[in-house]
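Pasting in a structure now, in structure tokens, and then I'll have a few things to ask.
Chain naming follows the written order as A, B, C and D, and within any one chain the residues start at number 1.
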Amino acid sequence: MGEIGPLLSQLFHTGRDWAAGHGVPPLGAQILMMAVQVGIIILSISLVPMVLVYAERKVAGFMQGRLGPMEVGPFGILQTLADGIKLIFKEDVIPRGADRWVHIVAPIVACAPAFVCFAPVPFGKGMTLVDLDTSVLFIFAVSGISVIGILMGGWGSGNKFSMLGGLRGAAQAVSYEIPRVLSVVPLLMFYGTQSLRGIAVAQQARWLGVLPKWFIFYPVIGQISFVIFLICSVAETNRTPFDIAEAESELVAGFHTEFGGIKFALFFLAEYAYVFLASAMAVALFFGGGDGVILPGGLIPSWIWFLGKTFMIVFMFLWFRWTFPRMRVDQLMSFCWKFLLPWSFVNIALTGAWILWRAHS
Amino acid sequence: MTLYHFLALSAVLFSIGIYGVLTRRNVLGILMSIELMFNAANINLVAFNYYLHPENLWGQGFVLFVITLAAAEAVVGLSLVLAIYRNIKSVYAENMNILHG
Amino acid sequence: MAETSWIVTHAYLIPLLPLGSAVIIFFFGRWLPTKGAWLGILAIAASFVMSVDILMRVMDGSLTVPFEMSWPWFSAGIYPFEWGVLLDGPSIVMLLVVTTVSFLVQVYSLGYMHDAPRFKRFYAYLSLFTFSMLGLVLANNYLQFFVGWEVMGACSYFLISFEFERDAAGAAGNKAFLTTRLGDLGFYGGLLTIFFVVGTFNFGQIQAHLHDGTVSPHMAYIIALLVFCGSVGKSAQVPLHVWLPDAMEGPTPVSALIHAATMVAAGVYLVARTYPFFAVAPDALNVVAWVGTTTALFAATIALTANDIKKVLAYSTISQLGYMILALGVGGYAAGLFHLTTHAAFKALLFLGAGSVIHAVHTNDMWKMGSLSKQMMTTTVTFFCGFLALSGFPFTSGYFSKEMILGTAYGTGHYAIFAIGCFTAFLTALYMTRAFSLTFLGEPRERDRFAHAHESPWSMTIPLMVLAVLSIVLGYLMHSGGWVEKLFAVPHAPELVESHAATLIAVGSSLFGLLLGALLYLGNLEIVAKLAQVFSPIYNLLVHKYYIDEIYWALFVRPTMALAKALDWFDFNVVDSIFVDGFGWITRLASKIDSWLDDHVVDGAVDGSGYVVTELGALARKAQNGFVQNYLLVITLGFVFLVLWKIF
Amino acid sequence: MINLPSIIFYTFSVLAIGMAIVVVTSRNVFHSAMALTGTLGVVAGFFALLGADFLAASQVLIYVGGIMIIMLFVVMLSQQPFDALQRQTNTQWLYGILFAAAVAASLIRSFRDVYRGVAAVATDTVPTSAPIGRLLLGDMLVPFEAVSLVLLAALVGAVVFGQDRKAAK
């Protein structure tokens, strides 16, 4: 296997030229090829949750001394597929007291931004769909829209538990959004760009020719940033230990109590897409993106590196879920506002000092 | 696409906002209409910046301030609404009249 | 200019460190461990180290004195005022004296004031006092000097009245404050005159002007005497000495620090600083000499009969201050400052020793003590050292300085002063022997107190030991080490006529005093009582301190109060009844007329306008319907009109 | 003239105006809020169209991710079941329409007089975040700091107004 980025790019160019050569207007051809690219991304991102759900169940099983799903396919590998099919074919129920349109639109609003967010993610060399200059800000901004989806889900269900869950979830997501953004600020200061690709590329260097110059390896600032980013990402996706918003044992199931079938699947999809997105961002921001460690000679292409590292982070998410107990809602908030926020400010100040020091020495 | 297009669009949005401010009974509705007006003004600023002074970014900087102030306004306004709601159990503007002559 | 050390260029920190600690203790002391006492001690210790460093530099010649620095303070019209640091012999020695004694007293107070209320405030005052004294000592101009002088006076007032629950303490504080204020009035007048004549407060500039004819000898005479008034007040010279004995109402460490070693010496220091004026006006020096001589003799006689151990020491202090003033008066600039230094050491020691005794037996009355040497050895030994030094026992520090003073008096031909000085030395030895024997030797006169007496804690005895060593060796060190000549050099020192006879007479009178005292007070005390009866007129005169307090009361306080009463009567009967009441009556009449007018004319107008406004308001209130969006509607209307007006 | 920007512009315009009308007319305040969210998103689109990429992202981040969520909170906390059944416009709606129309007409009229036909100077759209950062910390430093104070004041004010004093006791 080699780098597939240039290959894909070549392919799209060829495709566009072919379409233009067959009577399609240039604008149309452009839009067509964009649609193809977007389609590829959406398709692959849609597949990711299936993998993740399987991984989650397996990891949970192993952590609890069980085997996990074993029935469907070898090692239960087709389990999620079966689940997906089941969900799709379920009856679409809209509760009587629900706000009909809001109820229908909510899962879409929650899910769609998750896909949009993948546009500027640098999966490998030449594999960035849109290399936005403001891609970090873009991802934060667009992923913020999903919170609206959560609120809509809570409101549109016509169920007070759902509404409470929605409120809690939204409050949590909005609160943790702040330290999350601030934890990335040191990187932006450090590399002087907001482009995910730019940041990832800037980290492809070595200290003493050995240790990768990934941001995580910068003493103190790198680690603080990463820890805050990781914690906030966990909280953003409403996962344990920050899953009070959808705590099954307390709020039925939070904002998506009244959702079933394909709509539930969309919420589910969104959650796992965000887990994957957060992991991918972490890799691009802190782990040098597609930068290889052991075999720098390009034996293993960058996108494999990227995905490999991403799945390592994803594993951390799963690991957290089955390790930590759930936090109370007030603990959750004070942890965010009184611990993470001040430390992210401290980290920004430290980074500023670092940059000043670097500029003067 | 000329400057006039954007200005006309923003004028329409602004007027819709004015209509909302004048007629919504719900204070929240009024606040939302105000946000509409803010955004109409922001479009104006960015459009002027883009068409008349592309060499600098003062218009965009100004919009950032407007957004910031809108956030401050919304936060204070909404907490006021909540406080009033706690006291008179209503969010309708015509019920908030204990200071009338 | 050679490389000047950091400590010298930052000498202003010496007073500022205690000030900082005072401020911190005042505001945050409550939350600090030991109420911030250690902070004060630390600050003064730092100042002490800096002072020692500066002294060392002067002694080994790496710093040439005088060394002056100044910074602008404020300016009034064309006159810039500065604050500054002047390091020369006297100021460096005073720095050491103040920091040493202050440091030791603060350590001592840890034990002595341990159970006292307002512990924190005590330390804050001590630090503030130290700041003002150091600021005064380092001053390079009269204004800064005066500021330090007054702040110091205020601190003295606070600390004398520290135990204000007792009326006596409060009254003593007032007395001290008002009496010294009287002297300060003269000082202030002197300052104004100086500024009027010379146009600057800076010591160096003034000195320069003294010899270019700006200041006539007459003027110098007036200025010198006015400034000396301040000294008389602060150093408790006759006739303003009355406050110092009463000041013993303050806690004993305060007496040791402020009213024995440092503040009262400031008067002497002031005379030393004003010496250029005196040099121009020798007549003024004569006045100074005689004031000092009178005070020395006068206070020593009173000390003979005082029964309160602190009072004895207080009169002794006055007497010794008299000595210093005397020394300056006869031209013994070096001798006066030398005595100031040694006196600070042994008088602080004596006071702290007395404090230790009082701490142990809870009384000031020597007749209730006795034989305490059996219970408190350290205190006894250290007190004995101080006693010897004060009495001028050969080769203790008091001996050297006193000898130098008397030698100067004799050598400059002031034979009367020399004679009185010798007699005073004799009296000094006598009353100190009396005090020492009554307190530490003989039989315990009150068994209970004796039994409960015990040695004081370490924090109190260590300062005593340090001071005891200083009392013994300081004189020798400074005398034979050449410090006196080096530090207290004065350009026109008088020629001295050396005389071994004078030395012998001086030493002899001290020793005779010791001998007589030992005979009287180590033997049967009944002889002493009999003597008192035989000489009862003199004895009574002395016991009542020459009736000075009573005379002042009759001459000044009573007339003042009578005048105040008369004025009060006048105020009440004449001013009140004719003017105030009369005006009141007229006002009432006028107001009655006015009231009629008000009711019928003005109110009618008011009611009428009120009616109009009500009616109009009823119309206008319809506009304010409490319906916000209605207002907005009108605003929008206005906006539309504006835009339309702009277009067309 | 049909090109990509103008297609986008007209689409966005229709969307923005349509949703804005929903904002001011919908009986259900929640729907109003949703429509407003949409409008704000579209405005972000306009910003992007006008080359203000940083601003577009900020608009989405602050308005959609922040202000609208708080607004939805308050909507959820302050709605009563019968609200959606009540008339949501007051008695002066007719004047409102007239006045709003007058404002729109006069504004558009005056804009037409002055700015008609001003087309874009052909410049490349460049990333704006770095220049905006320099502007904010340079020429606009004083307002920038002032705004931070305003935000602090708003924060404190919101906390003070928002707390339930009766419940706190």
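Just so we're on the same page, a residue touches a chain if its C-beta (ideal position, glycine included) is under 8 Å from a C-beta of that chain, and two chains touch if they have at least 3 such contacts.
Given the structure is predicted, the values throughout are model-derived calculations rather than measurements.
Among the pairs C-D and B-D, the greater number of C-beta contacts is found at B-D. Separating the CA-averaged centres of subunit C and subunit D is a span of 73 Å.
Separating the centre of subunit A from that of subunit C, both taken as means of CA atoms, is a distance of 77 Å. Look at where the CA atoms of subunit A average out and do the same for subunit B: the two points lie 33 Å apart.
One finds 6 Å separating the Cα centroids of subunit B and subunit D.
Multi-chain contact residues, meaning those touching two or more other chains, occur in subunit D at positions 54, 58-59, 66, 70, 73, 90, 92, 95-96, 99-100, 103, 107. Among all residues of subunit C, those that touch two or more other chains are 627, 629, 633, 636. Chain-to-chain contact here is organised irregularly, matching neither a line nor a ring nor a star, and falling short of all pairs touching. Every pair of chains meeting the contact definition is listed here: A-D, B-C, B-D, C-D.
Only residues 27, 99, 101-102, 105, 132-134, 137-138, 140-142, 144-145, 147-148, 151-152, 154-155, 163, 166-167, 170-171, 174, 177, 181, 192, 194 of subunit A touch subunit D when the two sit together in their complex.
Within the complex formed with subunit C, the subunit D residues making contact are 90, 92, 95-96, 99-100, 102-103, 106-107, 109-110, 113.
Residues 3-4, 28, 30-31, 34, 37, 41, 53-54, 57-61, 64-66, 68-70, 72-73, 76, 127, 129-130 of subunit D are the ones touching subunit A in the complex.
In the complex of the two chains, the subunit C residues touching subunit B come out as 620-629, 632-633, 636. Across the complex, subunit C meets subunit D through its residues 627, 629-630, 633, 636-637, 639-640, 643-644, 646-647.
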